[in-house]
Amino acid sequence: MPTLRIEMWSGRTMDQKRRLVRLVTDAVVEALGVPAQDVQIKIFEGEKENAARGGVLRSDEAQGS
Amino acid sequence: MPTLRIEMWSGRTMDQKRRLVRLVTDAVVEALGVPAQDVQIKIFEGEKENAARGGVLRSDEAQGS
Amino acid sequence: MPTLRIEMWSGRTMDQKRRLVRLVTDAVVEALGVPAQDVQIKIFEGEKENAARGGVLRSDEAQGS
Amino acid sequence: MPTLRIEMWSGRTMDQKRRLVRLVTDAVVEALGVPAQDVQIKIFEGEKENAARGGVLRSDEAQGS
Amino acid sequence: MPTLRIEMWSGRTMDQKRRLVRLVTDAVVEALGVPAQDVQIKIFEGEKENAARGGVLRSDEAQGS
Amino acid sequence: MPTLRIEMWSGRTMDQKRRLVRLVTDAVVEALGVPAQDVQIKIFEGEKENAARGGVLRSDEAQGS
């Protein structure tokens, strides 16, 4: 602990993931004062056809964020 | 918020997913009185070899629900 | 399965929860053609001080959804 | 209930999964005194490139556990 | 890893939790051949008014499991 | 999306939470190039009596991280 679960759209490169876990870990260390080694992160990649907002699949939206 | 996470067996069609998020969103709106746009849904598809009941994998059951 | 996890702000009444699980279950049954008895729901109630959007706690927003 | 969600590295055989759900279910039954049929388990398999400790991806570690 | 998330009804004693994490950890070690120290467990306690089956809150059932 | 779920021990102040969601959101924006407004965070606070490592409750450890 702390443990972070990051859900994001699939398609990021390994370098983006590397940078993500590095920067987010630094942020948690700075905010909470815990050792970096205690910060665990898991990344979960999702598809836009498996997410919805307002009753509409994100893959069916004209343009999604 | 509200956010719904729906776990179901894999293998549904896009049309079933479309219908699912539409009907479930309508149900949440009617029950809680929130705007549809606030209702977020994520779908997670699982395999029967990764689920168990009574200590037995669902893929090993004679017939599962 | 299907299993639904509903995350919403705390403070709903028992009657709202009753109505929510009834309507959402009906929606899943209609969309996926599964028996109602197979639909499991878990409700998780959260506080606005434990959620953020755009780097700001929801409890600090002028008015949140 | 009880429901268990087991997150582990991908790559286990079906026989390991079979053994895992059997032994874990037995453990829960013995500890809590619930019927085995009430114990539900879901397995989630993850990749080391989607996990980090100390700001470093597990796939980048020299040797991980 | 492996990480286990155990969802169960609230009301268990500390001794039951102690026994639960001990027995479940032993089961995972035996099934997967990992060191006990790698097995992490988190317990989540829920109320029957926040769970439903077949569209009915578990707290409204005549007798629940 | 991205959505982050942060699990940490209970007992942090509102100011620590404020700082946490601000710094973590900034980190995600910098790493992934998404608008800050798309970054959602949920915080889940846990007790050491509901977590275990190596089959021992964290509340029973001599000194935990």
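Each chain carries a letter (A, B, C, D, E and F) given by its place in the written order, and its residues are counted from 1.
One rule holds for everything that comes next: a contact is a pair of C-beta atoms (placed from the backbone, for glycine too) under 8 Å apart; a residue touches a chain by one contact, two chains touch by 3 or more.
All values reported here derive from a predicted model rather than from experimental measurement.
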Chain whose mean Cα position lies farthest from chain D: C
Size of the rotation, in steps of 5 degrees, that lays the CA trace of chain C over chain F: 120
Repeated interface matching A-B, over half of the contact pairs identical, chosen among B-C, D-E or E-F: E-F
Where chain A and chain C are represented by their mean Cα positions, the distance between them in whole Å: 22
Whole-Å gap separating chain A and chain F, where each centre is the average of the chain's CA atoms: 13
Contacts with 2+ other chains: residues of chain A: 7, 22, 24, 26, 37, 46, 51
Touching residues on chain C, where the partner in the complex is chain E: 14, 17-18, 21-22, 24-26, 36-37, 39-45
Residues of chain B touching chain C in the complex: 1-9, 12, 16, 19-20, 22-24, 26-28, 30-32, 34-35, 38, 46, 51, 65
Contact footprint of chain F on chain C as seen in their complex: 7, 46, 49-57, 60
